[in-house]
Amino acid sequence: MKSHTKHLVFNTKARREYINITAHIERELLESGIQEGLCLVNAMHITASVYINDAESGLINDFDDFLEGLAPHEPLSNYRHNRTGEDNGDAHIKRTIMGREVVIAVTEGTLDFGPWEQIYYAEFDGRRPKKVMVKIIGE
Amino acid sequence: MKSHTKHLVFNTKARREYINITAHIERELLESGIQEGLCLVNAMHITASVYINDAESGLINDFDDFLEGLAPHEPLSNYRHNRTGEDNGDAHIKRTIMGREVVIAVTEGTLDFGPWEQIYYAEFDGRRPKKVMVKIIGE
Amino acid sequence: MKSHTKHLVFNTKARREYINITAHIERELLESGIQEGLCLVNAMHITASVYINDAESGLINDFDDFLEGLAPHEPLSNYRHNRTGEDNGDAHIKRTIMGREVVIAVTEGTLDFGPWEQIYYAEFDGRRPKKVMVKIIGE
């Protein structure tokens, strides 16, 4: 069994940002040399997500509106977590809805995707360097 | 390490449908001959989910009501994604809530499940053939 | 390829409870002797979750408030599932929002975590023994 490990780093300009990281993951898979296996991609911080969906700007806006509707950033006093001095109580909840991780099948050396699957890093408390795990195991 | 790959295809009659696919996955596991490992099952389209929960019709109705309450199909103008000419903005959000994938432990050649775990394919924009990935790795 | 399997059991005193199980999983990883691989942790019951987030009591209260807001326990008649005689219709939905499982990278014999990642078992229908799966595969 082979394994390949990489910590990617993202530092967004905005508090919330959605970044298509598919090409990064494809590069790691190529480097791993793995033909058949599983690829885990997860946010290593607890106010960010990795998810799979469409690379369509309207949809990304829909996601952001939906999340802000369910767990608005303000008022900060909505979240007990913010009593610790943080202002990211909403970000922990937004990340939970969108998910921490994806697991992707690796077949014949490629990410075995349907027609529209793209891997996104969703940042909900950015403007600082944050890490994304890529772990591929197989043969 | 062994691996086994299968793309299942489902074509629902209704826009939204919930299908128990546990027997399909058990069949793939048997065919793989894998005794110890991990089994990934994921929707390969971005308006459908794979999730694990109870095979109980009331619960399935509860899930559907809950999803339709959070992200109603209509009015279509609620979703910027629909400005592309699509009418499935809601389906992208419903799938996100229910999740893209499950990972299941394989132990002694079986899906290592608790008493009520059943694997469901949840379709939110059906009436056309759509694929589900099964990838099993192990020994 | 090595594999390691463990069913942990939790029996909470309250209906809903959030338990940090990170040390349990670290113990299983150590026992497995696996250095590089993937670790799956999932609830084996369909009214409980395993998720990764911060060990901060305010945040845990925020999660609980959020879940109870979206899918309140009462009135029981809100859920068709409860017509079966159950009173846990809400718990199935709460578990779905928080997720069934996490998959964690194993690197150099440790859970390859970011600075704040902690593994939680979230119980939404407790007061009885319920199982959590730990499956680690790798080398």
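Remarks
By written order: A, B and C. Residues from 1 in each chain.
The rule is short, and it goes like this: contacts are C-beta pairs under 8 Å (C-beta built on N, C-alpha and C of every residue); 3 or more make two chains touch, one makes a residue touch a chain.
Fair warning: this is a prediction, and the values are worked out from it, not measured in the lab.
Traced through touching neighbours, the fewest hops from chain A to chain C number 1. Copies chain B and chain C of the same chain sequence form an interface built mainly from non-equivalent positions, shared numbers / all numbers used being under half. Averaging Cα coordinates per chain places chain B and chain C 20 Å apart. Counting partners per residue, chain C has 1, 38, 70, 97, 99, 103, 137 as the residues that reach two or more other chains. Residues 1, 3, 5, 38, 40, 42-46, 70-71, 79-84, 89, 92-93, 95-97, 99-101, 103, 130-131, 133, 135, 137 of chain C are the ones touching chain B in the complex. Residues of chain C touching chain A in their complex: 1, 36-38, 51-54, 56-59, 61-63, 66, 70, 97-99, 102-105, 107, 112-117, 137-139.
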